[in-house]
């Protein structure tokens, strides 16, 4: 029965847009977008142990790459998504080269600075003809191709879902293989990893690049879904939300990206409904509550429960699930 | 990832689908009896930054909620109650888009009233115009909302920044033809619109501007900028800043011994929340443009409009600040919406709301300065065509000169 | 020339602002080996407390002392009640609690006190010394108070048993516990002291930037940069770092790159320095043992 889980999940993800309104489909598209961005950040912070307080910047670069290509060069929207990924891959590697030398707090400062200054750079007068300044760039939402009987929201949902499936499968493969083991080894003990012949600096900047690529692709999809990019869309709060998402979802887990995405998409709305006076206070309380109850994130808690249930049901059987145990970064990683 | 995750996610998604579709059925039901509902209520939506960097403006939505409650208690408009749905967008454009879609598609709002902020309004403009839902009296001063040919469903409210800047420019060109002008502005469209307007108004005399400096909202102080502007030898200072920075700039200029002729933009012309923090003695001689009455200005203490507003504030919105000019602004905007809805009569359709918003004639809420009236037309989406110059005498803003036309 | 002097002096004044909050960050780092992102918001809340006391008719210095005392207790309480449950959890979980605290404090302050700016009195005389217009008394006062705080912190960490115990508890909790140091108590003490320093910083900063719920959001990044530039384990370094950041940013902004990108360029410079000298200008270089 467990083999059916993934196909069942995919089928239900495909059926979902027909059950709910276009507005909900749009929200679910945003969840997919967040999930991709979170997976990107999780590669960096969860698996590679490098903290980033400024991943919103790569999200912004991806979104602006797509918007400028569509708006100024009339590139079709689907082509801008991989292009945004390539641009962010480059930006991430470039940033990762010096940043890979920085540790913990210093890296936190460098990425914090990146997250805060990028919106200001977007308004700089020499780039303004491209970025549109504070007014940003307004985009048109693509129609479904080939006369498919889908609304524009439904089509974009499927398009994003396809991108997400490809990227998640890619991350899964990457992490399972040689590269993934090297990345985790560097996180757990950089000196030992270097002694074992792993080129630490190269892997660190490469991880930065891949992570930025994921987040940038999410940015491009997000920009197209929202039909607008502007400096205020990518304030420091976005970077904070991404960090919140990976920790709440579960560090160093792939499924955690989806839980985290659901959290950062829906919980602020719930907080806003509870209180107009201090919505962020409610959000903060919920956030701290989740950390208390599930310190290893929602994915961690789910795995714990599942493991206990299995152990309960099949006490005689050896605990085969232990091989699925997913690592938590140590205390010294931020 | 472990298989258990897949199953859990599946469960989550099922709940999501159930949860969402159930809600949709609810609103679908509303749709079915839409006719009967719309007969008794008028649904007005709004996005407001109740959280995030622009939270100071959240008071607009809170005041208007209280105001419409009062209107409803007094019998509503043409017998119909206003249902005011104001939601948080955190000053984030993507959130604004999401919330506006909810208000339009799920709550069937008749219009989106006073969504706040240039970026959020830019993000929702195309969507609302495609859906033909009025983006009514956008709470931003950017110049782009007056574009009825391309965006017939978008109308602004504030005096736009270009017009205000142009008025200062024209005034300086006329009264101080040999001025050396320094300008401090926020590094975004708000500031740049002003600069454009100022240059426009100066016309050939635009070369009188000898120094420009910008600041970011994230800057702790503007001391450095003020030193640069003083160093340029300018004798005229155009201060295009938001309240906190305006207070800093006025005080700093005074403290370092710079005594230019100083123009302060309307955004920050509050005696209570800007000039008092800056120091009233340091603010003497400031010139500004005004269109509504400043609640902290003693000259309006016995004014009928101000008394009505104070009574409203103490009774209906006691948590709101009596010295905050934003609360006066919000009150005027709410009155303007009520006027538009009254003009709509029985035809409560988005189309008619927009038609009536573009058909305001000599509407003069009591909190506007004497002589200033709101006029709009199908090709004129600018509410305020006239402005009043005023000078600060150490206690209040004293109007001087004629009403000036913005054109 | 006069303008340059103005730029440098106002840079020093801004540096004083950054440095005073940076001191609180250094304090909490010394005690816990973490940087508290909610430190700025805590300081802002303390300042509101002082403001309320002063408005209730309390004399300035009494309000000042009361605020420092209450902040100390509040800081220790936050450590005990809010941070303790996640103490042994992954560092990022703790960071998340900091973020949550930051959001809560900021939002609640706005809810209670509103978002309009308030004036906060300066304890120093208003009329500048010798009629100079370059630097106000309050700015000079900040620099003097900071020098005093740095001296006190230095003496505390260097020459008192308590200070030594606190540093030990942060560097190696397990060994410290074996030596009989009450590590939990040290952590609470560190939080209390950091909150008290933050309160002083807030009350010094507020007369310049005005009091509002977001008064610290702009300062936090600079303070963080100042602390790291000077060396996160060095109080004196944090203050010097603050001055450097303030002056470099002003001079670059005014003469080299314009005001639009001054933050960006200042940060690039700082990160550049840190790549060259990862322990900061005055920090101790830590040699890792495998």
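The first chain written gets the first letter, and so on, giving A, B and C; residue counts start at 1 in each chain.
Criterion: a contact is a pair of C-beta atoms (placed from the backbone, for glycine too) under 8 Å apart; a residue touches a chain by one contact, two chains touch by 3 or more.
Just so you know, these numbers come straight off a predicted model, no measurement behind them.
For the pairs A-C and A-B, the larger set of C-beta contacts lies at A-B. Taking each chain's centre as the mean of its CA atoms, B is the chain most distant from chain C.
Put simply, the C-alpha centre of chain A and that of chain B have 35 angstrom between them. With centres set at the average Cα position, the gap from chain A to chain C is 32 Å.
Touching two or more other chains at once are residues 107, 110, 221, 260, 263 of chain C. Taken residue by residue, chain A touches two or more other chains at 116, 120, 123, 277-280, 283, whereas all remaining positions touch fewer. Across the assembly, chain B contributes residues 51, 53, 58, 187, 216, 218 that each touch 2 or more other chains. Residues 35, 82, 85-86, 88-93, 95-97, 99-104, 106-108, 110-111, 221, 224-225, 228, 232, 260-261, 263-264, 267-268, 270-272, 274-275, 278, 288, 290 of chain C touch chain A in their complex.
For chain A in complex with chain C, the residues that touch the partner chain are 45, 51, 98, 101-103, 105-106, 108-110, 112-113, 116-117, 120-121, 123-125, 189, 191-192, 240, 243-244, 247-248, 251, 277-281, 283-285, 287-288, 291-292, 295-296, 328-334.
Those residues of chain B that touch chain A in the shared complex are 1-10, 12-14, 16-17, 20-21, 24, 50-53, 58, 61-62, 86-88, 90-95, 97-98, 101-102, 105-106, 117-120, 122-123, 125-127, 142, 144, 187-190, 192, 216, 218. Chain C contributes residues 2-3, 6-7, 10-11, 13-14, 17-18, 107, 110, 114-119, 128, 133-134, 136, 205, 208-210, 212-214, 217-219, 221-222, 249-250, 253-254, 258-260, 263 to its touches with chain B in the complex. Chain B contributes residues 51, 53, 55-56, 58-59, 187, 213-221, 223-225, 227-228, 230-231, 243-244, 247-248, 255-257, 272-274, 276-277, 321, 323-324 to its touches with chain C in the complex.
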